[in-house]
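As written, the chain order gives the labels A, B, C and D, with residue 1 at the start of each chain.
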Amino acid sequence: MSFRTDLAVELKPDIHKKTGGVSAFQEQYGEITVTTIEVENEIGERLLGKPKGTYISFALPPLLEESDSAPAQSIITARLKKLLPKQRGCALVVGLGNRAITPDALGPNTAEKILATRHIKEELGTVEGLEALQPVAVLSPGVLGKTGIETLELIRGAVKAVKPSVVIVIDAFAARESERLGNTVQIASSGICPGSGVGNSRKAVNQSSLGVPVISIGVPTVVDAATLLADAAGEQAAESAKPFGREMFVTPREIDLIIHRAARLLARVLNTALQPAYSWEQIQSLMA
Amino acid sequence: MSFRTDLAVELKPDIHKKTGGVSAFQEQYGEITVTTIEVENEIGERLLGKPKGTYISFALPPLLEESDSAPAQSIITARLKKLLPKQRGCALVVGLGNRAITPDALGPNTAEKILATRHIKEELGTVEGLEALQPVAVLSPGVLGKTGIETLELIRGAVKAVKPSVVIVIDAFAARESERLGNTVQIASSGICPGSGVGNSRKAVNQSSLGVPVISIGVPTVVDAATLLADAAGEQAAESAKPFGREMFVTPREIDLIIHRAARLLARVLNTALQPAYSWEQIQSLMA
Amino acid sequence: MSFRTDLAVELKPDIHKKTGGVSAFQEQYGEITVTTIEVENEIGERLLGKPKGTYISFALPPLLEESDSAPAQSIITARLKKLLPKQRGCALVVGLGNRAITPDALGPNTAEKILATRHIKEELGTVEGLEALQPVAVLSPGVLGKTGIETLELIRGAVKAVKPSVVIVIDAFAARESERLGNTVQIASSGICPGSGVGNSRKAVNQSSLGVPVISIGVPTVVDAATLLADAAGEQAAESAKPFGREMFVTPREIDLIIHRAARLLARVLNTALQPAYSWEQIQSLMA
Amino acid sequence: MSFRTDLAVELKPDIHKKTGGVSAFQEQYGEITVTTIEVENEIGERLLGKPKGTYISFALPPLLEESDSAPAQSIITARLKKLLPKQRGCALVVGLGNRAITPDALGPNTAEKILATRHIKEELGTVEGLEALQPVAVLSPGVLGKTGIETLELIRGAVKAVKPSVVIVIDAFAARESERLGNTVQIASSGICPGSGVGNSRKAVNQSSLGVPVISIGVPTVVDAATLLADAAGEQAAESAKPFGREMFVTPREIDLIIHRAARLLARVLNTALQPAYSWEQIQSLMA
């Protein structure tokens, strides 16, 4: 495969068919298309090139044109809740990526909008109205090039301290098709390879590396320019997209705004999924 | 022409040849290539598709890899000085573009690093050591979509108030070739069409619209995705670069850092050209 | 007077009394206290030290603790609408202050959240659903120290271009009492002296300088440290608040968050007051 | 003591005298005053209220007025080097504080300017010109209120992964006297209590909690408003500085700029102290 994508849905499994190890089906809710892909076993892993697990993608109306994200938020939240472990302890939310690179800042930007309660839980457990708060911890580990420390090592350190029952990693994705940029959310039960979609594959963050279930959530924010060219003009053309060995990325002009809106949507999804006893308004008022 | 560029040098005039209305020649200073293109008359305008004037481009070592910008700074400053009017009154520096869109923020980001002295001149003209300060005013007019006011109208208002002898507009450019992104500076004596390189051509900012000489300076920060595709795969391919009618742009992953470094370089060039009696260190110490 | 404040309500006119040129009265709406002060004539101007006009202050629950700003928004919007001219042409919204200084950035930060429609009006007047849009233009003129141009001169240039029926200036205020920081909104029909509350009095922005009605709106974000000390320990103490001649300011630790929330509140108030035919959700969806 | 300070030098030990467990002396280098205070034993700890260790403060010309920080940089670097362990392994640099609160952002802002080399060391150890790079790792752990995880726990996790020979923590300090804001650097060999200067004392980050030497470095960025009032008008006055139980802080108006310059100075000090074989220019060119 000459193109690069983090989205299972772009790997084009036959929708509504079950083919040796991969099943896929699609539902429509108003303007929102939900595609669920199950990679069931090793055959499916080879077929799709993605590890075993459930991949749910939500094709949304363009985030740039639609400010009412309520339908998207409630549909995504409902699916995320189903992936969370039944017996909840603390959740550890991890925002991956480099906050100094706009299309890579989705993880850190979302993480800073997540209500951290693990310490409040301990201190304020008896305050009226706060008893139902679920413990949540939040980490933005930065990127290897800026820290000199593998992301996985830092997450492991936090897992040891927090002992969560689930880790949720947020990341910016690469898509193959530019019309998905900013318009798709993907949730997966198989964790993540930080940077896999953007050329710096690092050690996987998943149940086998951390010892607890790892759910990933993200939005595609770039198309690799080489992928765009390979699709349009064949693989040789892709080479011209790497002057000085630097990789070029395609984004919509309004990527700053897309990151802002996507972070707001994911923060709302995560906060309401993790604090089922509270409304979004109540959660926001606790975040001061 | 199916591709879009703001760089005269990418219009490929024969270097070292004089062909009907356009002359071009190239010099080399260490790692820096300086190309000077003169559009001499209407024949040249039709030939090159650029208004009459001098276009000087500086091909630099990648801004991302080289932190010592001293050679670039002194070569560009020397050329800029030659374009400035001999009899200097006040200079009005204008930072074009939208500061909320990373690759478009070069103008505003540079403008905020320019030492404004027009008001100090009036108040502190007699302070020892400051007598040689030249009057400079600075404007960041924003973009039509955010202000509802034509950029040209706002600049005209400032020109009326400041009565400058020269206007210098700073802008982010579109290039045809991705290897120029962040590695080229262009100065032109013909002013600018704000947004011409990125699809929203507005009224020209030039001597005929403002009544004073207008010099433009900028750095290419994006390649139009349609241009990239048209070059690689023909014009039909370019259409796929506009999902939902939104234009897609190609930038290096490190565009935030490129904008930061380019703004620093241009600010140094402009400040030292406009205050020839002072060193960069002295100018910085006045900017507190 | 040794203390400094931009808030008429802190000048302590007798509430519910009418004393020679100044009338004042107070209303309570749930948690919100609205105080309306009328400076009626020159006697009132001398008495209160504020120019003739209407000053309405809204004492709100702390912006930091309360995320539901709906009641505040609707009460302030209703009052603002009464101050707007009956025959509306274009409104020019001006965000005063320095965006690089956190407590001074309220004006620019609010301005960038105002829907500019003056150019859409001209181009899209016939698009279904947009016919009722009122023309609005937006300006962030920067500060004298950064531009070298008097703010008033830049606003005058924009007034000439836009020919508005009303100018609305947004600014960060200085309060005398720290408990008002981030918890009060003041609207005034008398315009503003940019910087008057923070030590750099510039030419007034008002009907007499611009030729059209000028309404000001803002939130106190700092207490002058000298004012705090003078109140607590007498005027001599105030001197110790100016090391190196630099002025010191008192802010809550969370001033960045207060500015963010205050800008959001004011943007909502202004947008809904200026576009009475549209809901906040509709306005937001047009701002993409 | 009714006032709060993180600066040993403000605890006013007799300079040039040795009094029971505390010794102090002062040197002058041009405009820079260096005060070295040794807390030698438990008697000294009780006397000064600071743990055993060396505290070096550098009183500098105002960072706002002086752009040439070279003398400050070389004097501070020389002292810092003396505190570093002789046998160097990896250094772990930790930026404490909340990046969303301007005066608290010194730690994270400095940390993002530190050259991380621990991973380059492993990968590029044999590249010519890079053999002399010392291994450095960098962490910005965030604050408890945003992460739900004790800062100390996150640092411990990183220490376990990195196994450094020294930890250097960077933090914003509280001063007693406003003329020190932005004009003083303090280095201490005793580590730090994150937040101790600003009201949220957390577990100490020091050799006894981490098992390796911990050096702290920082700049005072706020004066507690209660401290200002207590100094000027007695302890009762201090109460008025806490409306709604929120603490108020005094900062210079230009605190955003001070943080920017202080972060740049500390980054230069740390990078040149940690990479003695390289110049500042070389280090910068590696940071792209």
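Just so we're on the same page, a contact is a pair of C-beta atoms (placed from the backbone, for glycine too) under 8 Å apart; a residue touches a chain by one contact, two chains touch by 3 or more.
All of these numbers come straight from a predicted model, not from anything done at the bench.
Enquirer: Suppose you hop from subunit A to any chain it touches, then on again the same way; how many hops at least until you reach subunit C?
Expert: Each step joins two touching chains, and the minimum needed here is 1.
Enquirer: Can you check whether subunit C and subunit D touch via the same residue numbers (shared by over half) or via different ones?
Expert: Homomeric contact, same residues on both sides for the most part.
Enquirer: Where the centres are mean C-alpha positions, what is the separation of subunit C from subunit D, in Å?
Expert: The answer is 38 Å.
Enquirer: Measuring centre to centre with CA averages, how many angstrom lie between subunit A and subunit D?
Expert: Going by mean C-alpha positions, subunit A sits 36 Å from subunit D.
Enquirer: Return the residues of subunit A touching two or more other chains; collapse runs of consecutive numbers into ranges.
Expert: 64-65, 100, 254, 257, in rising order.
Enquirer: List the residues on subunit A that touch subunit D in their complex, please.
Expert: Result: residues 100, 112, 116-120, 135-140, 142, 144-150, 153-154, 156-158, 160-162 of subunit A touch subunit D.
Enquirer: In their shared complex, at which residues does subunit B touch subunit A?
Expert: 62, 64-65, 100-104, 177-179, 181, 198, 223, 225, 228-229, 232-233, 237, 240-241, 243-244, 246-257
Enquirer: Quick check: in the complex, which residue numbers of subunit A touch subunit C?
Expert: 64-68, 254, 257, 281, 284-285, 287-288
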